[in-house]
């Protein structure tokens, strides 16, 4: 296969996968935005499409005709460079364009990109397309967690799909992996494979001796923390976290319920008894940190995680690290709108490593850096301890 | 026709009219709640249905089986007496129950009520049913204005229906109607026709001599106010209004746009050139008051309005009055949940009189008292001057 | 005594009385503003002084030299007509001008006014001066209640003065005064005695037959309401009030404390055991209304109050009425800044009648209309029932 | 001198220095809290005193009698371990205890500590006392910047003292200091000298080759940034910063004014013409970062700063670094309340290095880590560039 064929195949597969994720939805599910962080599914469908239109078709396809003059306004997320946009909190207030129209938009743009790929494309377009595809893969993850939020916070607690199993249980015994003190190489190394600008430059980091767990913290372990009064003892919490707790009245992970004294968990398969052996999920960094404190351990830094990751299995839960999201040495952002992709978020966020059950196929790698504000819980976040 | 036949016919007609209003909607339009005051159309459909279920079927239909155990939670609006409910701001966050399910609910309850009417019903049930019907008629009005808000605040400004004409122009010349000083009877007089508890007791009010306009203020007159700097001169405004203006950056009625120096107005028929002769609409009490101040006039009280109303045409715009919404002498609220219908809102609101193009058929009368907070604008509110 | 002598004497007495009220304060007490509604005592001292400077001295005293060029900015309250001002919420953030400086300002302006009065003054100046004096008397009341708030919300609960007795007990038995249906004259009648523009025009009001209590509700009666679960039963409350209760966690009048199961009340004489026979105070309109509902009674309208007032004693508590604060027939506001005194507040407020232990000498009259938002409690507000 | 003599002398000097800083204040200046981050000077006086009482006298002085039973409630800052406290936002609402009383409290506790030092004290008490002294020194810095905020945000812009010169001009030319790639030791090394728990463990860090400026950014350089539209170009700003800018309308450093087209700066000596050669101050991390972006440089990490600091002069401005405030390897917090000193703030803050003109004598060292939220500006913050 030629390079273009590979790209076309990756593009087609990715476009299809997004739509497949939406199959179980009713039309109404595409529309709502119960909290600021969650976007309506139809917005994800439109936004990932707009990305190709805005950054590729408009500039590189001859005589390209916009699908609709107002869609840039409707589907731009946060790119200041490319003009005004619907404020984030309004995404769920827009009934139009409707779902059918958004699918029309998708198919129009998908076909236009395919047509573009029938001729030879420049290196620049190739890179932008690859970026667009990976951008869409990132949104596939958000789409899944946003759908979970929409259904899991509905009073009727509807199922998404019986096929989607969140909780892959490991039967491995917990062990501590020891890592020696010394210099480690961190960051993406192969310039020819896809990666974001925040994964380079690859650079040396000096690590002290440490141990890291080969397994993730389970629901059962976290229940012990709850039962031991973990949410009521300020000693385990950051000052900001303690304030957040008192304002939000949070006393358990997101999606946990008690019914007649029994613990339940809403999953994409519906409400289920809490599985004690399943890896903990839907906790904030604040809770991850407090749990680690209670346990007499700590969270690993992202460098410790990366240096050790070959020694354990990962990929079911995004794992909170102790690291703040900061640029690597020598980081420079790309010129233009693409430069807004990562750099401008490098403050007030924590790094997560690993990937989750919601991560798109071919989208994880050990240098991948995800990042969220420390109070957020709607991703499939988990905890791996270090000491 | 017997009394029961009349009721059945009124009920059937009302149920049908609500659904007719929703015909032009796409499924997505049923779901959203762009501001707190606006409810999603599917919520209106469900709530008006729940009202019959909660207050009639549950208590008076033998062996009545609830359509769904959670719908009381989902569709209760503000009745503290009948249990917990979804908080108002969450109505637009619920994709489920979906539109089809809500229609199923409607048809189920409609049929159950019809079945109930095949036997003789008590006076109590008759009154509750009449209340339910008029309750649904009130929601028809809200449904219309909520649909306008949903479509008219969408960046694509979609039409609702080309059949719905908002602006019925009067060709009558403006004149001042003089009303003599003296005692006037105010409030609903006929105990046998339907009315709300806030329209009685009928009582005497002493009015000073006054004049009231036979016509409503037009867009053209309001444009003069705008062009004369009316929104920038604090002298015309209440202190609360002046603060509201500075926080909201409001400089014109809702739905007014300027495009290339021309004035446009979003209507249910889509965006149109502003019609200078059409009656002004979508202004808050604050704006109505400021306009009157600027004009050297004032708003009538609700008593002045009622005493004079036989002398002019009304019914296209809800007309702001200077009166605060307060109980009439001898007002007592009904026992139980129905008592929550009106009484508990009798503070911090202003009275509107008349009815509007969105008011349901057979729903206006000259003693009807509508009421809203002074800053609200999404109803078809208008201004009639007095002096 | 000539008219000017009388004015001078009233002016001198009023200026002195304001300063006398501040005698028991420590310097620190002059500075703070614990809530938006409360102003720092030094601000009251300066603002009442600025009023004479701004509206009289600047315009009518030849070669008048401003005490300080920035004081208009610092001490203007809400007069849009006379320029920019410190935002209300910042009053307690300003340590300067210091207390000594503010007293210098007072003495300077007092002397300038006295000097002005050595010559003959015009009718206009005379009226403005009378307005200034009554304005200062209004602030004396606020000064007292603001001082109570400042000290009574301090964790050390310091006394203001042992001389200030809030609770004048009446030994009269409660009785219902019957008032006949008919036309009553309402509003200020004597054009030659001082009154505000909101007390006129004197006009006819038609009242239905009603009864009004000759006594105020006592602490003991209100305790029964509390003990009967009055704060927990939504049936007694307006919808807005119920929301206010749940947000504020209010369960008792302001300044009431329970210590070891006993009820205490902070008074200007310090913390004291709650006197069951003393008239209830420091409740919002919402609470007054709910109490009346629970009692099977209602609050009087301001017209009912005024028509009946000659039949009972009043003056210890400001009495909440059911009336919204609205203009009387024929109300017109004065031109210029003085026109901002009353008119612009005629929305979203309730009328209080009577006067309180904090009201300045010679400042009450039976046509006086005080007004506050329905949730406010820091005035010496009370309840008189009607039915 | 014995160790105890040294401690006594350090203690006495520190207590005296706090009071000396307050000398120029009027009583009113001690009371106010114009923003949450700023505490009233009398609160600093009381809080630094309470620290010795709570952690030393109560536990280690035989028969110690509390000065006042409620002062722990009033003067506790954020120690959850030692009971309830006045919420931070209420500090400026408390006129009592008055300034004289707070000085009485100071002298009482100062004397009690001195008396304690007449006998031999344990190692534990010695360490707590040293902690208390350094705690007070930290508050001396805050006291100075809080006083500046209180006076510098007053509309009268009063001077603090003509003796306090903020702007020590350097005549050194700007140069780039090159630092070689390699391993560097970071953190406090001498266990016997005072340091906070956040400065250890001393550990190895691998640094890439970098350059760091020998001078601080000046006002003149920052003016160029402003004049070049730096505040209006989103490209230089973090997403959070851009939002912060649009909400706060910030367009210049704190304390900068334009009068008739000229730039002025409020300093503790009063309003002065902006000195172009003085080191920039009172900018947030967000602004520091944006400036560096505009300049094509970046901020150093705290490790880069520490590794290079012997090569340049520092101490006039706290210097923002790119580093998030995080624990060093092996960090453990002390048991009990003292453990709340640093650890619980290790999230959502940025590290500052160096010290400022407000830093207390003997309080800076090159391993010292200060930390603030990225939007704060009231400290004497500055910028040193790296690349």
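In order of appearance the chains are A, B, C and D, and numbering begins at 1 in each one.
FYI, a contact is a pair of C-beta atoms (placed from the backbone, for glycine too) under 8 Å apart; a residue touches a chain by one contact, two chains touch by 3 or more.
Keep in mind the model is a prediction, meaning the values are calculated, not measured.
Asker: Along touching chains only, what is the step distance from chain B to chain D?
Answerer: The fewest touching-chain steps linking chain B to chain D number 2.
Asker: Chains in contact with chain A and with chain D: which ones?
Answerer: Common contact partners of chain A and chain D, which must touch each of the two, are absent.
Asker: Since chain B and chain C are copies that touch, is their contact same (over half of the numbers shared) or different (under half)?
Answerer: Interface between chain B and chain C is built from largely the same residues.
Asker: Report, in whole Å, the distance between the mean C-alpha point of chain C and the mean C-alpha point of chain D.
Answerer: About 44 Å separates the centre of chain C from that of chain D.
Asker: For chain B and chain C, what's the span in angstrom between their mean Cα positions?
Answerer: 37
Asker: Between chain A and chain C, what distance separates the C-alpha centroids? Give it in angstrom.
Answerer: Their C-alpha centroids are separated by 58 Å.
Asker: Chain C: which residues touch two or more other chains?
Answerer: Answer for chain C, listing residues that touch two or more other chains: there are none.
Asker: Quick one: which bits of chain C touch chain D in the complex? Just the residue numbers, please.
Answerer: Its residues touching chain D are 26-34, 42, 70, 73-74, 86, 90, 92-99, 150-151, 153-156, 158.
Asker: Chain D touches which residues of chain A in the complex?
Answerer: Spelled out, the residues of chain A in touch with chain D are 78, 80-81, 183, 203-206, 208, 210, 234-235, 237-242, 285-286, 289, 322-324, 326-327, 329-330, 339, 344-348, 350, 374.
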